[in-house]
Each structure stands twice: as C-alpha cells, then as structure tokens.
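Below are structures written as structure tokens.
Look for chain A in each of the two complexes below; its partner is chain B in the first and chain C in the second.
== the complex of A and B ==
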C-alpha cells in the first residue's frame, strides 16, 4: 500500500483498537475485550514469525556480504533452520525439540548468565570510581550488605534490607514507572505517539 | 463500571490536554534538568560529525502488554534520533527482542526518512530482531554494536538483568550508553554498568528532552503533577495512620 495512504489507515485502526479496549475495561465489556485480545494474540503470533524471518534475513545478508563474523551467521542460520523444521515436524512437546531446548538452548543461556555474574562483579568493583556521588556510595554499600546478608551472619539483615529499604525504594520507582506508562498510553490514544508510520 | 480507572484516565487526560494548551502559549519547555539527556544530545551531534553510527536498543517488550509503554518511548526517541542524525553517513540502527517491535522500529525509521525526503537512505535491516529470548537478544545486540561500528547506544525499553551485558559490552568498546528500563532488576544492573541511567519515570520523559513534540512535554508535566499528588496522598495517609494509632 502507498505510504501516504497507509498512514491514516494505520492511525485509524490503532485509535479505534485503543479506545475500544479502554471502553471495554471501563464498562466491563468482557466479550469485546476477549475478542480484541484474541485478534491481538493472532497478530502477536504473526509478529513472532516475522521476527524469526527478520533475524534470518539479517544473518543471510551478513553471510552473503562475507562479513568478518559470517561464520557465526552461518551457524545461526543452520541452527535456526534445523530447530524450525524439527519443531514444526514433530511438535514442540516431542523428544527432539525438548532435547534441543534442554541440552543446547538452556546451557548456552546459563553460560551467558555466568558471564553476567563476572561482568557485574567487575562493574561493582569499578562502580565507586565511575560514580563518585552519594547515590553511588549508597548503592555500593547496599549491594555489599545484601551480599553479606546472604551468608550465615545475615539472618536479620537481608530481609530488613530487601523488604524495608529496597522494597520502599522499589515501590517509589514503580509508582514513577506506572505514571509514565499511563502518560505514554494516553499519548498513544490521542495519536500523539504513532510508531506505525503515521 | 470501573470508576477508579475512569478517575485516573480522566485526571491524566485532562491534565495532559491542559498542559498542552498552556504549552502552546509558551515558547520555552520549562522542564527539570536531566543531565543524561544532554550527554545523549552531545553524543548524537558527535556521531553526526564523525560519521559514526548510533544504536537504539528497544529491549524485549511484548507490544501487547503494559510493558509496551517503555518500548513506545524508545520508538519516539528512535524517530527523533533518526531525524537529527539523518545527515550522518551511517544512519542509526535499532535492535529489538520481539518481532512486532522490530516492525514498529522499521516503520518509525521509514516514516522519519520519508518525511525528510530521504527515503533512499532507508533499509529494512536498520530495524532488526537480534534475538528472541533475553540472553539471545543481548548476545545478538552485542555483535550488532561491534559489527556496525556504533559510537553511542541508547537502551530504552524493557531490559532485565541481560541489559547489564549490553551496557558492559558498550563500556568495553568505549561506547557511550544511556539506559532506561521499566524493570527493577534491570535498572539495578544498568546502574552499575551503563554510562548514564534513567531512573524510574525519567525514561518516559525522553521524548520531551529530544523534542519529539509538545504532547511529550505536556505529558511530562502531567506526570510530575500526578507524582506530587501521589506523594502527598502517601504522606497524608501515613500521618493519618500514625495519628490514628496515637488516638486509638
């Protein structure tokens, strides 16, 4: 569809969808809400498939361009193709896809978690050099106390830190996030934010 | 009927429109200083001058969930950054951990370049999915930053602890990173790893600081007003609770 024509159509669809969803929540119209959610789930599933296609296209372009890391792109494309075919053929509950998940996907992600642990330890050590303000010191001392609290000495310390101090601070931040979410939602409902090319 | 929600939406909507009306009569934005955004603006100008690439990481928000608000802010900022950096030799790239989010990133970039009459500079690969699970997204985005010669990275969206890997990778390559997330573990991790962090609602103020439009400034004022009211209500409630305890 022509870009000039597409913009008002997408804006209208987004606005009607947004306002109908809001009205369905305000007036308890469960049937309408369920129907809209059903459509959204369908679009989201199509979006996931498009995401996989996008990932494949990007790495195929890299492979054809012969970039420095073309080998990684090749491995990714082969793994993507094999996983997709096996899962589509046998179904996600079958033994082979489960094996792929348990013995390839899970260990790879766990190893990245281990890398993160090392990264955070280094970042924690360098934090006081990078952030020399009061909040940097408070953050560092709190992290240290929380770590000490994980040991045998910290029976009372850790719950107090996590539930009282950090809990209160966390709620404050979440209130800010909620207000920001409402404001952003309203901007979308008023068509001030149009990330759909409108 | 959900009166609580109606009250919140009515108050916010009214405040937003009122501040938008007031804003039209004033030339200055009158918003509080968030130094992180000034550093980002400096990095954008620097990237345009030296022809390096900017990267906007949109995270892995599910666009059908309430977390999509953080991603929508990221998309607004992406649009502005693309417009400001349109003269650069290397246009900005966006990474997403969700298919729909990547499509929206492509649409935002396409619309920005079309509006500026630079449609030839647009390519579909400028908005990409770099991984569909949190750690796969982080791993894919780290490679993207390296391969595309990124000089500054904006992380605006939903990032959990995996955001720490992105910010740490940026730091290792001496790439400036400004990060904002709607997730508490993500914010804590990014505080230790990112060059600059947007705490709590500061992420949602991004559009106002990057001149994304008067409604962004109006919504920031509405947010500030609501925050003061919530703080007053919490304080008042605590005092009343204390007094109730004394007089019981």
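== the complex of A and C ==
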C-alpha cells in the first residue's frame, strides 16, 4: 500500500462509499443499499453520457484536424448525433430507433460474428501448425469431438465432454476469476489501488 | 415491401458486404462500417441512459432526494475540461468504491459459493442414497466417477494458475512438486475447456454466417422478384 496519500478526499469517498455498500449488502440493510445504489446508478448513467460526449469530442477534434481518417470520424459523428437525437426524442421503443437497430446495428453485429468464423478457423489452424504439444493436441481433439457431437454422432459423448470434463475446467477458471475479482475489489476497498487519481 | 424496409434491406446488405470485406484483410470499407456501428451504438446507449435512467429520476423524484446524486453528477462533469478535471476525482472514487463493493459481493455470492457447491454436488448423500435406494448401482457409480473428475479437474485447474514458488539459492524458483503435478493435470482440463468453448463459438459464428448469407440472398431474391 502506498503510504503517500495524494488525494485524501477521493480516497475517503471511495472507502466510505465502498464499505457502506458492502455492509449494506452483506447484512441485508435494504434501505441503505437501495439509496446508495440508486445514487450510483444515476452517477453511472451520467458517466455514460460523459463517455459518449468524450467520444464525440475526440472524433470532432480529429475531423477539425483534417487527419487521414477524418471521413471515419465524420461518419461516426453523424451516426452518433442522429441516433442520439432520434432515440432520445422518440424513445427507444419507437419505430425509427427500432429501424436503426434492425438495419444497422443487427447486420453489423451479426456480420462481425460471421467474420469470426473465418478468423477462428484460421487461428485454430495456426495453433495446430505451431503448437503440437499436449495442450494443442488435446485442444484440437476436444474441439473436433465437440463439433462432431453437435450432430447425431455424439449423443452421449458431447454432454459428458461439455458438462463433466470441460465443466471441471470451467469451474476452476470461474473460481479463479471470482478470487481475482475479490482480490482486486478488496485492494480498491483498502485503498491499495486508487484508480481515481489518488 | 415498404420503402423503409427496402432502404433498410439495402443498407443492411451493403453493411454486410463491407464487414465481410475484412476477410480480405483490414481495409477502409470495413473501418467505415465499424465507425458507423460505433456511432449508432454509442448514440443509442446514451439515449437509453437518458430516457430510462436520468430523465425518469429527474422528473419523478422530489428535489431533496436528488440533491446528493446531482452534486456527484456535477462533479463528474467537471472532467470535461482538463483544467477542472481534478474536481471530478471524488465522483470517480465513489463509482470505484461502490463498484468494487458490488463486484466483491457479487463474486462471493454469485460465483464463488455456487461454483464451490457445484463442484461437490455429485457427492450429495441424498443423490447417492436415492440412486442406491432405487437399485441403480450404475448411476451411483456414475455420480462418484463424474464427481471425482469434476473435483480433481477444478482443483487442478486452480493449481495451474498458482504461481507461488520458493526461492532456492543458485536455482531458479520452482513450484512445489505437488502443485506442479496438479498444474499439468489442470492444463489438460483447461485445454478440454477451451476446445469445447472454441467449438461452441465456432458453431455460433457459423450460424451467424449462414443467417447473414440467407438474409442477403433473400433480400436479393425479393428485389429481383419485384423488378
């Protein structure tokens, strides 16, 4: 822990807010929990607006600078502005925002997922070529068995592979991730990490 | 087909082609589609945050209830200018502190405890007694074998990520022999897990590819039919 505290107010706010929230959750203090989370939800929503505003500012600066990628910034800014105005004015459930979602967001998202099929296959082939040790072989044999098991071939094999063997590895990874999350969270709650300029 | 659907279908088809051009390598057309996507997504997210979180609270709650959050929001917006940005640090600190508390409690209650319980659920006496009571010896044996595999796999996977090692003079730091052995077993379980995840993601990506191509051909066929 860094003993040289540069931002005592921010650190105190993080500690008081964090520990009060943790206690309210652990000891079931519903009123306190709802109040704190209600406040933070509003601040986080404002933070999201601030982030989008910052994104717009960065691309506006790029556009004014006339950089090589100014066209991309122009497209982003126009899309951002129009979508925000239309959705904020009409509401997210209205026909126009739904049209934007159906004909712009959804096709690009699905197409990016589709491109992933190509890049994943290439990356997998590269792994097989470069890494021929136990890990690489087990990885590929499992992947092939799991893919074959998606069809009628693997009625019993795939569930056992996915739920027992892969389930065990997945549980280990999830427990590791949660332990890492707890350690990182506690470092913030003990002010050992101060990612807010402290 | 309405005019909106026609224009939308054309834009969707064009965007699909632009994104698919990435198969030939990173290029300007792909980046154009991605920037458009980021603009629309960011604008949509900001409008949803404004419409569903901020405006209802500002319009429906009494002012006294809003004074505290408004104070923090005001502080947060000082981050817009580099000269006043330091004033916004306490608001960021509040988000970090409360976020860390929610993450810790969520990790304990939502992941750690359920996963530990899940790792040992096959050894549940009720389950084993139920299988033995109904004369299903094979099922009881299956519970024990699968349960042991899950328990060993979970512990071995965790051991793989244990990097603590003792320092010996004039020697490279080494993990304990037991941890090293478990880590090797864990590596096999991790490879199996990644293999299954890879297969699942590849299947989902292929399904998305088929859906996109189907939509594309369907749109082109409808266009050709209407000519």
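Quick note on the criterion: the second predicted complex is superposed on the first by the 188 of 198 C-alpha atoms of A that agree within 3 Å, B and C clash if a C-alpha of one lies under 4 Å from a C-alpha of the other, contacts with A are read in each partner's own complex, and residues count from 1 in each chain.
One rule holds for everything that comes next: a residue touches a chain if its C-beta (ideal position, glycine included) is under 8 Å from a C-beta of that chain, and two chains touch if they have at least 3 such contacts.
Because the structure is predicted, anything quoted here is derived from the model rather than measured.
A.B. asks: In the superposed arrangement, does A:113 touch chain B (first), chain C (second), both or neither?
C.D. replies: A:113: touches chain B and chain C.
A.B. asks: Just chain B (first), just chain C (second), both, or neither: which does A:150 touch?
C.D. replies: The second partner, chain C, only.
A.B. asks: Is A:58 touching the first partner chain B, the second partner chain C, both, or neither of them?
C.D. replies: It touches chain B, and chain C stays clear.
A.B. asks: With both complexes overlaid on chain A, does A:29 touch chain B (first), chain C (second), both or neither?
C.D. replies: neither
A.B. asks: Which partner does A:192 reach: the first (chain B), the second (chain C), both, or neither?
C.D. replies: First partner only.
A.B. asks: Touching A:176, do we find chain B (first), chain C (second), both, or neither?
C.D. replies: Both partners, chain B and chain C.
A.B. asks: Which chain, chain B or chain C, ends up touching more residues of chain A in the combined arrangement?
C.D. replies: C
A.B. asks: In the superposed arrangement, what residues of chain A touch both chain B and chain C?
C.D. replies: Dual-contact residues (chain A): 7, 22, 25-26, 40-41, 43-44, 47-50, 52, 54-55, 69, 72, 105, 108-109, 112-113, 115-116, 120, 124, 139, 143, 170, 172-177, 179, 181-182, 184-186, 188, 194-198.
A.B. asks: Mind pulling up the chain B residues that touch chain A in the complex?
C.D. replies: Residue positions touching the partner: 1-2, 5-6, 8-9, 12-13, 16, 62-64, 66, 69-70, 72-73, 75-76, 79, 96, 98-100, 102-104, 107-108, 110-111, 114, 124-125, 128-133, 135-136, 138-140, 143, 147, 161-162, 164-165, 168, 182, 184, 187, 189, 191-193, 199-205, 207, 213, 215-216, 219-220, 222-223, 226-227, 230.
A.B. asks: Using the touch definition up top, name the residues of chain A that touch chain B in the complex.
C.D. replies: Residue list for chain A touching chain B: 3, 7, 22, 25-28, 40-41, 43-44, 47-52, 54-55, 57-58, 61-62, 67-69, 72, 105, 108-109, 112-113, 115-116, 119-120, 122-124, 127, 131, 139, 143, 170, 172-177, 179-188, 190, 192-198.
A.B. asks: Along chain C, where are the residues that touch chain A in the complex?
C.D. replies: 4, 7-9, 11-13, 15-16, 19-20, 22-23, 31-54, 57, 68-69, 72-73, 76-77, 79-80, 86, 89-108, 111-112, 115-116, 118-119, 146, 149-158, 160-161, 186-206, 208-209, 211-213, 215
A.B. asks: What residues of chain A sit close enough to touch chain C in their complex?
C.D. replies: 7, 9-11, 13-19, 21-22, 25-26, 36-50, 52-55, 69, 71-73, 75-84, 86-88, 91-92, 97, 99-118, 120-121, 124, 134-136, 138-147, 150, 160-162, 164-179, 181-182, 184-186, 188-189, 194-198
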